[in-house]
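Pasting a structure here, questions to come.
When the chains are written out, they are named A, B, C, D, E and F in that same order, and each has its own residue count from 1.
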């Protein structure tokens, strides 16, 4: 499947924290740079996400803001 | 200002493409890894974004999806 | 690629309207039920979207609201 | 109330799963096609959502991605 | 129609700027406090938005970030 | 830090409700007008949000919908 989302960043799962319905998954995309994602517990199970496994962070361009110092 | 968004990734602006109302800004966060952002033209002007300048991509955790091969 | 987004709805592209930077793509998911998407022109080109072709609408669960009469 | 969101899809509530703060609500929009929504528990109570009741999935066009095989 | 979005803020339309496909609409919610919205041109037409008219800004709770100084 | 998000609204924290992973934070932006935000527990801790303290609601323009009666 090829998706319109412009940002697909490869990394490694460094943590999976399931809550009551919502999970937080962290992916290291370069040494020291971690991306945090909030997804459903259901998605964690469906994708069989485990710490140490490969994964992509996928982000729609309209969800990316820009900041400057 | 400190923001709740969990993802703040430093990079360099590599392109600014203004449309009629909406601009696309690309930021290189590591060599070869570019993040695309869709923001208002107004924000581009307000932040004085220019190619080659430093900038951050800022993304709320609930806007990050995860994918696996 | 398998994605965490909980909503992946099959349909047929019924219109592609490219603006200066942002395109609107409409997908018919059942007879008479059309889903409207706003994506980058770049994504339209990358996915080679054409009217009459098959496509999926993909939506993260946290972007779906509920309403009642 | 009339809203700018371009996607308002009628269906029937098939499940309501409340977590600590966040609920997952599933709506069947056509036989076999279910849409999953993540909303606040507070909204579930406010809308008096119950399994079997009618409801709409409401989605802003800029939150809809497109994918192809 | 009653919606799950937790934030519905009444105001007055102070500008409507249509681009090629995407419009920016500004609503004054209290004297001097303006909210900017990016929606489709199609929605502007459908809602018949005009400067000076009443309107609501509607925002899903999961799209609101918090910041501190 | 200066951000592209067009909506930065000053207020006072009136409640912080932490769930298993996701918190709901309410900010009063004018007397009687409260904005509800859904963010990670981690962000609540990082920003040291407490009831009665000052805070901003920050919203990207593309996440604001418009409604009319």
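Here is the rule we go by: contacts are C-beta pairs under 8 Å (C-beta built on N, C-alpha and C of every residue); 3 or more make two chains touch, one makes a residue touch a chain.
By chain, UniProt protein names: A, B, C, D, E, F = Molybdenum-pterin binding domain-containing protein.
Owing to the predicted nature of the structure, the values given are computational and were not obtained by experimental measurement.
Q: Is the contact between copies subunit B and subunit C built from the same residues on both sides or from different ones, judged by whether over half of the numbers are shared?
A: Different: when the shared numbers are divided by all numbers used, the fraction is under half.
Q: Would you mind pulling out the distance in Å between where the CA atoms of subunit D average out and where those of subunit F do?
A: 23
Q: So, what's the distance in Å between the C-alpha centres of subunit D and subunit B?
A: Once rounded, the distance between the two centres reads 29 Å.
Q: With chain centres taken as the means of their Cα atoms, state the distance from subunit B to subunit F in Å.
A: 21
Q: Which subunit C residues reach two or more other chains?
A: 1-6, 19-22, 24, 36-40, 42-43, 47, 56, 58, 60-63, 65-69
Q: In graph terms, nodes being chains and edges touches, is this line, ring, star, complete or other?
A: Topology of touching chains reads as other, fitting no named class.
Q: Can you name the residues of subunit D that touch subunit C in the complex?
A: On the subunit D side, the touching residues are 5-9, 24-25, 27, 29-30, 33, 35-39, 43, 47-49, 53-69.
Q: Could you pull out which subunit F residues touch subunit A in their complex?
A: 1-5, 19-22, 40, 42, 60, 62
Q: Report the residues of subunit C in contact with subunit A in the complex, numbered from low to high.
A: Touching subunit A: residues 1-6, 37-40, 42-44, 46-47, 56, 58, 60-62 of subunit C.
Q: Please name which positions on subunit F make contact with subunit D in the complex.
A: These residues of subunit F touch subunit D: 17-24, 36, 38, 62-63, 65-69.
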